[in-house]
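Following this line, the structures themselves.
Next come two complexes, and both contain chain A; in the first it sits with chain B, in the second with chain C.
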Partner chain A sequence: MLSSRSTATAQKNTSTAFGQYSFWATLGRWSFILPLLILNLIIVIIPSVFGLLLAFTDWSGYGPINIIGFENFNELFQDGVFFKSLTNNLIWTALFLTIPIAVGLLGAYMLSGIKRGQIFFRVAYFLPYVFASVVNTQIWRQILHPRVGIGPILADYGITFLDFPIFGTRETALFGVAFVDGWHFWGFLVILYLSAMTAVDVELYEVARLDGASRFQQFRFVTLPSIRPTLVFTILMITIWSSLVFDYVFIMTGGGPANSSEVMGTYLYQNAFQRFDVGYAASIGVMMSIWVMLAVAGFIYLRRRGWEI
Partner chain B sequence: MNRKSVFVILAVLMLLSVGAASAQDVTTVTWWTEDYVDIEALNAQLVEPFNAAHPGIRLEITPQSALDDAMRTAFTAGSAPDILQTPGASFIGEYVNAGLILPLTQSAADLGWQEKLLPWAYESGILNGELYSIPLTFESMILMYNKTLFEEKGWTPPTTYAELEAVAAAAQAEGINPFGYGNSGFQPANEHVVGVYLNNYAGADNVYAALTGEKSWTDPVFAEAIELLRSHMADVNWFNDSLETWFTYGWNEQWTALSTRESAMMIIGTWGFRGADEFFGETTDEWDWTPIPPFSENLPEYNYMLATGSTLSVNGQSANTDAAIAVLDFLFSDPARVLEIASGYNYGEFVVPLKFTADDFPEGTDERIVRFYADFGAVTDQGRVGYTTWTFWPADSDVQLWQEIENVWYGEMTVDTYLANHQATWDEARADGAVPPIPAR
Partner chain C sequence: MFKNQRAQSNIPNYIILSLLALFALVPIAILFLNSLKTTVEIGRNPIGLPEEIRWENYSEAWKEGGYAITIRNSVLMMSLTIVGSLTIAGFAAYALARLKLRGASLIAFYFLVGTSVPPQLFMVPLFVMWRQIGLINTHLGLIIIYCGLYSPFATYLLRSYMVSLPEEFIEAARIDGANNLQVFRRIILPLSWPGFLTAGLVIGLNVWNEFLFAVTFLPDPSLKPVATSLFEFQGRFSRDWGLTSAGSVIMVIPIIVLFLLLQRRFIEGLTQGGLKG
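Up next is the complex of A and B:
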């Protein structure tokens, strides 16, 4: 009986001690992450919530803020320029999910077979990525200039396909800007894919070669499946970044001519900083956020379906 | 520690406390300006003389890139400068509506600013009966041309639309573009030509009537003006050699074209004086300017479009408003100093709209520039004035004007729809009280 009471008391004491220990341990663990959480709250969550709320106001950027419900969104869904911007963002995404990825994969695969001088090419490919967008755009503005660029020079030799104002023509302005942005971006993909490819087990290639696989078949059945997590990650990031594209379009065409290269980012800027309609600009920002959330949701869905990404 | 050491320490402490007290007595006035200014020159020409003349005030001018964005953020954070420099009068309405600007009416009366400033420039800062801003610089639109080319070809600077058409035709016959201009890097450059066609075809009286709400922008006379511009841009290619090149020509291209005879003329603001010497200095050709002729026979005389560039106001939330007003008064009270500063920009910037006389210009000033300011004063004194879009249009209407015009040029939007959309933005601005001050005509 005594023994039984002692055991119960001991259990109670242990439980209390364990409980106290658990509380302090939890507090200790939280204290490590708390500064980061507070920082996150101040610089990410509060501005994000504020931005979301602004979409339901008519704020000009100065002075009082009036709540106007869904009026901005009603206007947005009837705004032809917004839908033109959205379409251009979709075209941009399609371009970047195909051409830079294809060229990046090809470049990385070819580089992976080079033993000597690989570093030189890595640096050369990556260099445009570290240059400021202003620098890159000025370089290509001059190269593709209709008066002094490569177009008129080639035209002197009978090659005329570049002899027109690429950034001043509605049909080509968006593609011209995408080309310049893609030129600076693809080297980044090369480095990512090359890093992933160097981690592939060389025995897989040896087995493939013994089975008579060609270089293309090795790439198709060994390399691609092995780097799938990196590949899917870049697809996700490109999808997100394509909704946020701004600097190259803003610098090179400003969204023109006649809105032909307008994207959501430049249209948002115009409404916020030129028309003083911050509320409307915030509603465009909400649409951009929905785009990003859909991309992330798709990524999470694929992971839950068991994809190794 | 001996008595001598104690004495030295006490003396040092007393000196420090006196220094601290002196520092506390000095009021620091902050002024953010555009980042293109030559801050060393501005410090020597304005800041140091002001500080020397006002021992109790210390003026600090700081260049800021993306000035308006920086000020917007600073206002939100409660740390905006004492003197507010905005990109133009159309921005003032937003600030005033938000209660951020100090009314200057009483100070202006006490200090006699109305007598010192050009009348239209003073009135351009009045909103709801109160003076809120003074232009830091004023501009107008002019026709610059390659003088050497004109002389060689026997062309004379056009004074009528018929003469302008004749010169344009003669230039095109020689393979020279009548005008070189474009919006590359600065899409609002579209409004430079839109404004000229509205004023010089429809006429300043009609524009004034539309600005004050007495006439609709959908009036046929404005439609004809915009249609004329569209045809010059898209049909007869007066600007560069095609509509597409408009979007690839910027400051460098348009000046290179004019100075190398690729184009014969350029419709540009007086800020063009800044580029003329630079680009023509690299060639043997000479430039000159002439007033833009009327584009309609119904308008017998040319006029000068009024434009203010940046404006100056006093931050209503500032604790140093008196000191800030003293800075403005120092600037407005010395025309020679203003012209000395402006000479650093070839009179393309910092031309505060004071009542200058020829004697105020520094010796050796370019005769072409003096001629402009003399003629501008004489012509505008007669009331022959037009209106630039970036000074007298509400922000939203202004953006619509220069943005949707591209759709008109490309035939994607009719002139009537363009002007109906424009009128709609004005209706909204009037309802919101966002129309900038329009000087009485």
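Up next is the complex of A and C:
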């Protein structure tokens, strides 16, 4: 839709060969946007192209570059740690697509039903989102610490399920980190869903109530369909971000213990900056890009099919 | 807005909302309380009020964490990144919103691609490029990267402000003979300052909190910003919970103050740009 509109404008522009559409005027207008384009080219586009090309080499970051074809990818598909990371990214995506979205919808729906104190709750929920990852990880590392956290205290009262090193146990490390990241993230979703919900026509709720709809039914049959564009948008964003996750895992577990919480982001970092296998790291970067591309393609596909997102 | 809708009771709403608020705020309160305790006391009393308030944690954390230097480093990078990206983005947003560019849809597509590329794909080659031209371990090197990363977001945000400005002002200036640059300076800039403020706040926050690029491109301890320096500090004093908690509080205090003062702008900026914090 966007493209067809601008094509029409472009055609109108070409019909005027002189005046404000002359070569110099065009150059003058473009010079406003050139710095942005050039900077983006240097920081993102050119290195990304290099990144793609390096995936087909065995470069260490120094010295000669040998092209080795698909060797890195062959290795990648047989690499247990990479498979573990990819699985962890998928688990991460599944976790974030369910729990924070559910809590976000709950919070937003409850907020849309009140007037007094709305600002307080919005600020409270959003606060963890503006905190740095290094701070949020510090908070929870202490609270969930096996010695100085709430685990041993609760154990005194017979509640033992938190009385073990959550981030140091293979089975729970990833879930522990995901919990901390999710804790800082759900409030962001509340705000997004809330602004979508306040735009819903109040009459729809009235009609639903006249039909005898319960609160949950109103949510299910009025709210959810009305905020679908926002919902789909957040699903897309979460799917993309879940493939890129780095900070929280790197800071809290470094991917350990024994790679049990490794994700593609941390595994790439390890290969590039600790093992100096830049080529291999680049091939992980390519896999991450494919993930993102698939998500974006799905988004465009839905849009083409007429979804309003 | 929901006046008619809630003939139903509000009480369940408030109960659930309060529980969620506790979930968000209690861990933060615990951080503040623990920053005033000794490590021994945290072991005994990990979430309660401190028995004896220990302000020394702060002076010690300030000194051991090198905050005098790291805050200076962070503020330097924040201010230059804000100035740099707002300048670049201001011009670009003006061109996209107000000047009839041929191929504007191509640019939109370019930035859709450019902003959805995973940083991990271009970070390593960028690191090699920066090493080649000597920009590793320089603030300038990281500032350029931040400008590149955040100016598309700022452009997007500013463009939506500039599109909504009334056309009459611009027409009037044009009739007075103003060229594109003069229109930008005299009309667009003064009218779209809220957009600049919002974008600047979000960029500042992102630079303050940024971790991945800072940890990669600035390994030198004396150049580190607060975030990566705190990370290293936490590692060095991993058993000293009171001290590291105080260090974390030092990092979030300015953010909390700014956020409470300007929450509307922060929330608006952060939820519009699709930036991950």
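To be clear about the criterion, the second predicted complex is superposed on the first by the 271 of 309 C-alpha atoms of A that agree within 3 Å, B and C clash if a C-alpha of one lies under 4 Å from a C-alpha of the other, contacts with A are read in each partner's own complex, and residues count from 1 in each chain.
The rule we apply is simple: a residue touches a chain if its C-beta (ideal position, glycine included) is under 8 Å from a C-beta of that chain, and two chains touch if they have at least 3 such contacts.
Given the structure is predicted, the values throughout are model-derived calculations rather than measurements.
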item: Simultaneous placement of chain C and chain B on chain A, clash or fit; value: clash
item: First, second, both or neither for A:195, with chain B first and chain C second; value: second
item: Touching partner for A:167 - first (chain B), second (chain C), both, neither; value: first
item: Which of chain B and chain C A:301 touches, first, second, both or neither; value: neither
item: Contacts of A:24 with chain B and chain C, given as first, second, both or neither; value: neither
item: First (chain B), second (chain C), both or neither touched by A:61; value: both
item: Contacts of A:259 with chain B and chain C, given as first, second, both or neither; value: first
item: Partner chain(s) touched by A:277 [first = chain B, second = chain C, both, neither]; value: first
item: Partner chain(s) touched by A:147 [first = chain B, second = chain C, both, neither]; value: both
item: First, second, both or neither for A:77, with chain B first and chain C second; value: neither
item: Residue contacts with chain A in the superposition, chain B compared against chain C; value: C
item: Clash with chain C, by chain B stretch, listed 9-17, 63-71 or 225-233; value: 63-71
item: Shared contact residues on chain A - chain B and chain C; value: 61, 145, 147, 251, 273
item: Touch list for chain A against partner chain C, complex; value: 2-3, 6-7, 9-10, 13-14, 26, 28-30, 32-33, 35-37, 39-40, 42-48, 50-52, 54, 61, 103, 106-107, 110-115, 117, 119-135, 138-140, 142-143, 145, 147-150, 153, 183, 187-188, 191-192, 195, 198, 202, 205-206, 209, 215, 237, 240-241, 243-244, 246-247, 250-251, 264-265, 268-269, 272-273, 278, 281-282, 284-286, 288-289, 292, 296
item: Complex interface listing, chain B residues touching chain A; value: 68-69, 72, 75, 94-95, 97-100, 183-185, 187, 242-248, 253, 395-396, 399, 403, 406-407, 409-410, 412
item: Residues of chain A defined as touching chain B within the complex; value: 60-64, 145-147, 164-165, 167-170, 173, 251, 253-259, 270, 273-277
item: Chain C - residues contacting chain A, complex; value: 1-2, 4-8, 10, 12-14, 16-17, 20-21, 23-25, 27-28, 30-31, 34, 39, 42-43, 46-47, 87-89, 91-92, 94-96, 99-105, 107-112, 114, 116-129, 144-145, 147-149, 151-152, 155, 180, 184, 205, 208-209, 211-212, 216, 227-228, 230-231, 234, 241, 244-245, 248, 251-252, 255-256, 259-260, 263, 266-267, 270-271, 274, 276-277
